[in-house]
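The data blocks that follow each hold one structure.
Two complexes are shown next, each including chain A; its partner changes from chain B in the first to chain C in the second.
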Partner chain A sequence: MRKLDTFIIGGGLAGLFSALVLKSKHPEKKIAIAAFGAGSLPMSSGTIDFLSRDARGKFLKSPLAGIQKLPNHHPYKKIGIESIKQAVEFFRDFSAEWSLPYDGSLERQTPVVTSLGTIKSAALTQISMDASPLKYAQKIIVVGINGVKDFFPNVLVENLQKIFPQKQIESVNIDFISNPRRDPLILDIARILDSNEGIQKFADQLKSKVESKTMFITPPIFGTQGASSHGAAESLLESKICETTCLPPSPTGIRLQKILRDSLHKLGISILENMKIVSSEIENRRVKSVKTSSGKIFEADRFILAAGKFFSGGIEMNQFNSPREPIFNLPIFFEPSENQWSHEDFFMPQGFEKTGILIDENLKPIDASGKLILENVAIIGEILGGFDFTASGSNSGIAIASAFKAGDIDE
Partner chain B sequence: MNENFAGIRKTIDHCVACTACMAACPVMRALQDYRGPKLIAPAHGRLHFSQDDFDRSLEFCSNCKSCDRACPNGVSVSNLNMQQRGKFFESHKHSQRDKILAHIESAGKKIRTIPFGHQAANWGSSVGKILGISEKIGITAKRPLPIYARKNFKTLFKSIHQQKSDRKIVFYPGCYINENDPDVGIALIRVMNANGIEVLIDENFRCCGSPLISTGFMNESRLLAENNSARIQDWKSKNIPVVAACTTCSLVLKSELAEIFGDDRFANNNVFDAFEFLETIDLNLNLASVPKRILYHVPCHLKSQGIGLPAREILSEIPDLKIELADAGCCGLSGNFGYKKELYDVSMKIGRELFDRILSSDADEVMSECGPCRMQIQHGTNREPMHPLEILAGAYLPN
Partner chain C sequence: MDNPTVIIIGGGATGLGILRDLSMRGVKTLLVEKGDLTNGASSRYHGLLHSGGRYAVKDQSAARECIEENQILRRIGKSCVEETEGMFVRLESDDPNYESQWIDGCKSSGIKIKKISVDEALKLEPILTSKIVSAYLVPDAAIDGFRLSWQLVDSAKRFGGEIKTYTRAVGIDSHNGKIIGVRVRNRSGEHEIPCDIVINAAGGWTGKIAEMAGLDVGVQPDKGTLLVFNSRLVNRVVNRLHKSGDGDIFVPHGSVTILGTSSMSVPTPEDTSTSRAEVENLMRIGSELIENLPKYRLLRAFAGSRPLYRPKGGAIGREASRGFAIIDHSMEGLDGMFTIVGGKFTTFRLMAEKISDQVCKKLGNSNPCRTASEPIVAEVSSKSRENVQKFFPSFGLNLAANRLGKDRFEKVAKKLESEPESRQLLCECENITRAEFEVIASEETSTDLDDIRRRTRFGMGTCQGTFCTFRAACIFGKNSAIDSTREMLFERWKGIRPVLIGQSLKQAELMRSIYISSLDVNAGGELF
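After this line comes the complex of A and B, so read on.
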């Protein structure tokens, strides 16, 4: 393969989004993405949470205000507020252009109903998941699907009633697959609703339930591509419909993955599948090339590391106390003392979760003393270290913001 | 296992039940009856591997390996499926149909022993008479059987004159190129010769075993694996790489057998896909202009090799040639899967996205490395796809 301008390692949200930004801003660049596994999007709700809790676990009304108060060594501060704002704009424009528009902003949280009927929040959500109209509804109908095991309308009704004690909340079950030979997944139903017949079948079964100010809550069944099937169902029923999150595989995450892949395809960027990068050649703090498990070598001027953390092998933890970044052998931030680990309260920062790579203002890897390790590598997404993104509710926001910056500042 | 072959595949113990494999499975998508990769392989593998408890829905797995490619942890779900299918057939009898579909190599040999056998085989129902194929035993009559070439590749090879060279490769044609599509083999020789490389063949190679693996004939496929791996090692010791132009053959010989049998001896780093090999040499760039737009269907089993898209890289050196990826998933044929009567409709349903993509495209040519993919495309769209080697061979100026 001819030498590339940029080689991106990782085909998850961060890797795909950085390629999109990079190619949009620098169309002349030759880029490739190495992906091993489908990334975490098919398992995620596809919402973009920028920051939901502060260091003490307190809920933040404005992600932006929370970000401003973060310490200077937090990756968000390294990325910079300006870039974060631009990342949000870029993401919103992109998602709207690809017919999967997102609601929300950096200054407030958008509520989302979980698969259990509790409310979580995120800065940006697909419009079909935005639960804010719930407060205007008089009657809420939770729609279950016969045969689908992963969605419990009764549990949702019970939990939602606690949140909205004044509202009339009930559940109804509808049919999609008669005599299933296996338990249908929510994803199976979503695929049925990719078609007009599917949407019609949905609406026909619920039409009679509609009264004034009725709102429906469903599992995420409105297709696997774009937001059009949700829009069509809402107009057929002349009512608002709100999708919940669900257990994986998750159609809403799959929708986001699809528009990212389709847009990259249109831009002529290849996602090289099943490609595990195992090592690199480094000279004078510059990476010259990386090597795949099959022995193939890719040369590039610049590399973006978006390989994820433990789950996807971006950081290996073969022995308990020695995490390793296998490709560039980068120094890893790690809290060694075991009692820091696994805090009882899940939403308090977990030592384990803070493990990762530290970066400078240009996303280049540094060590604990701040010394620059590699000149032509940008580190993005979950592999960034020093903070617990899960506890603070910022996983996908970090991915989007760092990916944007890596694409924007191309050198 | 050594680090130097595609996809270091781990066992079920690495499954974290994330369901990425289920989301990726094209059969599950097309067929409500299939329980899918996660619920079959990892779950069954863990709980029931030693028991005689077989989920009939495992029969629906096409071995396309989309699940493996989706797995973040490198679990080889497809090979677990194949292992279990093999296990099932340790205590159950194969149908006549499966026996025939599994043994295409011997079918080809049989046809060649009959005078004008290839013609008889190609005259519609006569093929059924010779090979015992019919709807009655469960092979669909809705799609044509592969057409047998007048002379097979190995016969044609003997009549081709090549310049001697110190740089040599051994070409592994595999059953489909040998019996049905020898032009691809001829194109490979032209391409290699244009690069100063002499092409050898090795008569002692046998079928890679893919049709046997996917129908559960494990012992036979192990015998082939023993034979073929020994041959590959032998060529390796002479520093001569083995090159295949069928992506299923190369995948099987590189890593699939090693994974299925858990045997490192079957992991071969001396096997290359033709374009993967061409990427390693100093390519002759004396290429004629080919002002065409090509729609490229990337076969599943090329994606699984984790080597990127070497054919596209090489062909983009041809002046005025434009390549566009079809990016429309699995073709749906998956070797012998789509020949099974009860799976024909599923196979065509899986291929629908690709067919629509091709039918709505105004590209001049459609190309794909995989023989079954090309047959499926032809059946679903009436367009006759080319192998990328044929396009490259056409660009080397006659000197």
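After this line comes the complex of A and C, so read on.
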């Protein structure tokens, strides 16, 4: 293979999105992505969460206002507000172009119903997940599907009733699969609703329930590709429908993964499937090449590391206090003391989640003293260190923003 | 129960063994437990049904008790015992003199041992270090504390025995030097239950209960920490053939392996914390037997307290006797009060027999002990297994049959047949159907998800509750799904935290993305 301009390690949200931005802004570049494992997109709800809570756990009405108040060493501050805003615009345009339009903004949160009946917030959501119209609904109907695992309409009714004590909320069950061979998943139903017959079957069973200002809440069943199934179902029922999040595998995350991959395919970018990068060759603070587990070598002028954290294997730690970034052996920030490593309350911010790589304003890796480690590597997504993105509700926002910047500033 | 003759304090193996024994002899008996059953050492333990080999040098009477009870429990508690057998191995670095003492000790305690060659040992357990210099097979086995305890209750109930869980004894009342009742506290408040006899079987808490009655028994809670690995590293119990120490036994249980244990005096048995240092210490010692140990995934760490009996001036820690003692406090001027302390899980039945003999003598009841000959619960017949085979995940059937016993198994089977949705797997790691979960959840003693977890094993496998917590919380119905989710994950987290390395980090990251990002358990209704 001819020497590449940019080689991207990691086929999750950050890696795929950075390739898309890079190729769109610099069409002449020759790019490849090494993808190992499925990444976390099929596990995730596919919403883009920029920042939902501050360091003390307080809910933030405006992600942007929250970002502005972050300390200067936070990755968002390194990326810069301007790039973050552009990332949002770019993502929104891209999603609309690929028929999975995302709605929302950096200035306010959009509500999303979870399958536990809580209200999650996100800066950007697929329009099928936007729960704002619930405010105006008079009657809310939670739709369950007989025999399908992991969706419990009665739990949603109970919890939503606490949030909307004045509204009439009820549940109904519909049928899709009879005599399944194994426990059917929400994803199986989503596949059925990729077809027109599926959508018709859905609507037929609910038509009679519609009254004025009725809104339906369903598990994420409207297809695995794009937003059209959801749109079609809404027109057939002449009512608003919103999808909830769910346990993995999550059709909404899979939809986002699909449009990212399809768009890269169209741009001629090759995704090297099941390719694990295990090491690199470095000379004078520049990475010359990386090597795969089967010994194959890729040379490039620049590398983007988007390999995720522990779950995806970007960082390994088999003994206490010895986290390792296996490819470039980069210095890693982590909490060394036993008390700081984890918190006794699972739901509180956790020190171990802060493990990761520190960066400068150009997303290049630095050590604890601020010294630049590698000149031609950008670090993006979950592998960034110093903060618990999960507790603050910012994982996907960090991924999108850092990926955008890495694609935008190509040198 | 209106007027129990005997009240037992403590729902561990010892107390439950006594409940069964006295009930079978026709004595009206009530057991009170401050938490769920097996709140103490009877589940926070290693689960080794001792052959006695471990005590063969130091304490031959304890060793003899072990081998006798070991044989009895295989008969009466079939579905709770996994007949793994055991292996003792000596490493180059271990004292050869100990080996010959051990052989003699086993012989005089009646423990059948069989010497095998090192090659054979490594063939049977290939994961072990090649630094073994000698190896023996012994009749060790694995025993499930949760299961046995609940089966003891089922058995006792058939003879009129009763239990009250989440009911704490807070006072022991007497009049003119005679027991008149026990004061208890539970959700409905505090009240007295009159009785003639109180048996203090509170394990590590024995000293605290004695204090309530103004008595002093020397019980030292001695904490032991254990590590759970996510695979069956060994097929037999593997013991190090040396003077007993920390981290020198591996016990396989179903799909996991438990390594332990340590020994550390603690002020209170409520202290079940485990530290990074303890984890590292066990890993280091365990690695002497299994060199690749750090490569295997750790699921969790947990700890329990042994009730070590320390008569004034006696030894503590590992030097203290693992035998047991029965104290009739009438000698100290409190008639009707008994304490039983020390011992092992393996010998719970014998301990129960001995104290029940004394209590019955006092009551003038001459019925003999029958606990050694009658099976604890009836077995599930192969016919009723066959009947429901088609609804069970392939290897879930026999496991469920062993867990549930005859009556509950039939209940679950009926549900599976009539409600197709109940055939869904609630817990994929441990193969628990929704039907089984629902049957156990509907019982009065199931007050939260953790109570059900201990009985069904949901949430105890590879994913440690990542997927099944949500399902269980939504199906349970007795508490709000959000609260149940919180409580369950809070509990699971206790054991995961100390082992947050390697694969456990991956699982923890996923668990948090699901419950904090996707399901946002922390969210309020701020957006509306």
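To be clear about the criterion, the second predicted complex is superposed on the first by the 406 of 411 C-alpha atoms of A that agree within 3 Å, B and C clash if a C-alpha of one lies under 4 Å from a C-alpha of the other, contacts with A are read in each partner's own complex, and residues count from 1 in each chain.
Just so it is clear, a contact is a pair of C-beta atoms (placed from the backbone, for glycine too) under 8 Å apart; a residue touches a chain by one contact, two chains touch by 3 or more.
This structure is a prediction, so every number in the text was calculated from the model and none was measured.
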>> Do chain B and chain C fit side by side on chain A in the superposed arrangement, or is it a clash?
In response: fit
>> Let me test your reading of the model: by the given contact rule, A:43 touches which partner, first (chain B), second (chain C), both or neither?
In response: both
> In the superposed arrangement, which partner chain does A:202 touch: chain B (first), chain C (second), both, or neither?
Replying inline: neither
> When the two structures are overlaid on chain A, which partner does A:147 contact: first (chain B), second (chain C), both, or neither?
Replying inline: second
> What is the contact status of A:159 with respect to chain B (first) and chain C (second): first, second, both, or neither?
Replying inline: second
> Touch check for A:309: first (chain B), second (chain C), both, or neither?
Replying inline: second
> Between chain B (first) and chain C (second), which does A:248 come into contact with in this model arrangement: first, second, both, or neither?
Replying inline: both
> Touching A:352 in the superposition: chain B (first), chain C (second), both, neither?
Replying inline: second
> Looking at chain A, does chain B or chain C touch a larger number of its residues?
Replying inline: C
> Between the C-alpha centres of chain B and chain C, what angle is subtended at chain A's, in steps of 10°?
Replying inline: 80
> Just chain B (first), just chain C (second), both, or neither: which does A:134 touch?
Replying inline: second
>> Between chain B and chain C, once the two complexes are placed on the common chain, what is the minimum CA to CA distance in Å?
In response: 5
> Shared contact residues on chain A for chain B and chain C?
Replying inline: 40, 43, 247-248, 311
> Where on chain C does chain A make contact in their complex?
Replying inline: 275-276, 280, 294-295, 420-421, 423-425, 467, 470-471, 473-475, 480-482, 485-486, 489-490, 492-494, 497, 500-502, 505-506, 508-528
> Tell me, which parts of chain A touch chain B in their complex?
Replying inline: 1-2, 32, 36-40, 42-43, 177, 180-182, 184-185, 187-188, 191, 247-249, 254, 265, 270, 272-276, 278, 292-296, 308, 311-313
> Where on chain A does chain C make contact in their complex?
Replying inline: 40, 43-45, 49, 53, 57, 59, 61, 109, 111, 114-121, 134-135, 146-147, 149-150, 152, 155, 158-159, 162-164, 183, 245-248, 250, 309-311, 316-320, 338, 341-342, 344-347, 350, 352-353, 390-391, 393, 395
>> For the complex, give me every residue of chain B touching chain A.
In response: 3-8, 16, 18-20, 22-24, 29, 32-36, 39, 57, 68-74, 254, 269, 276, 279, 303-310, 312-313, 325, 327
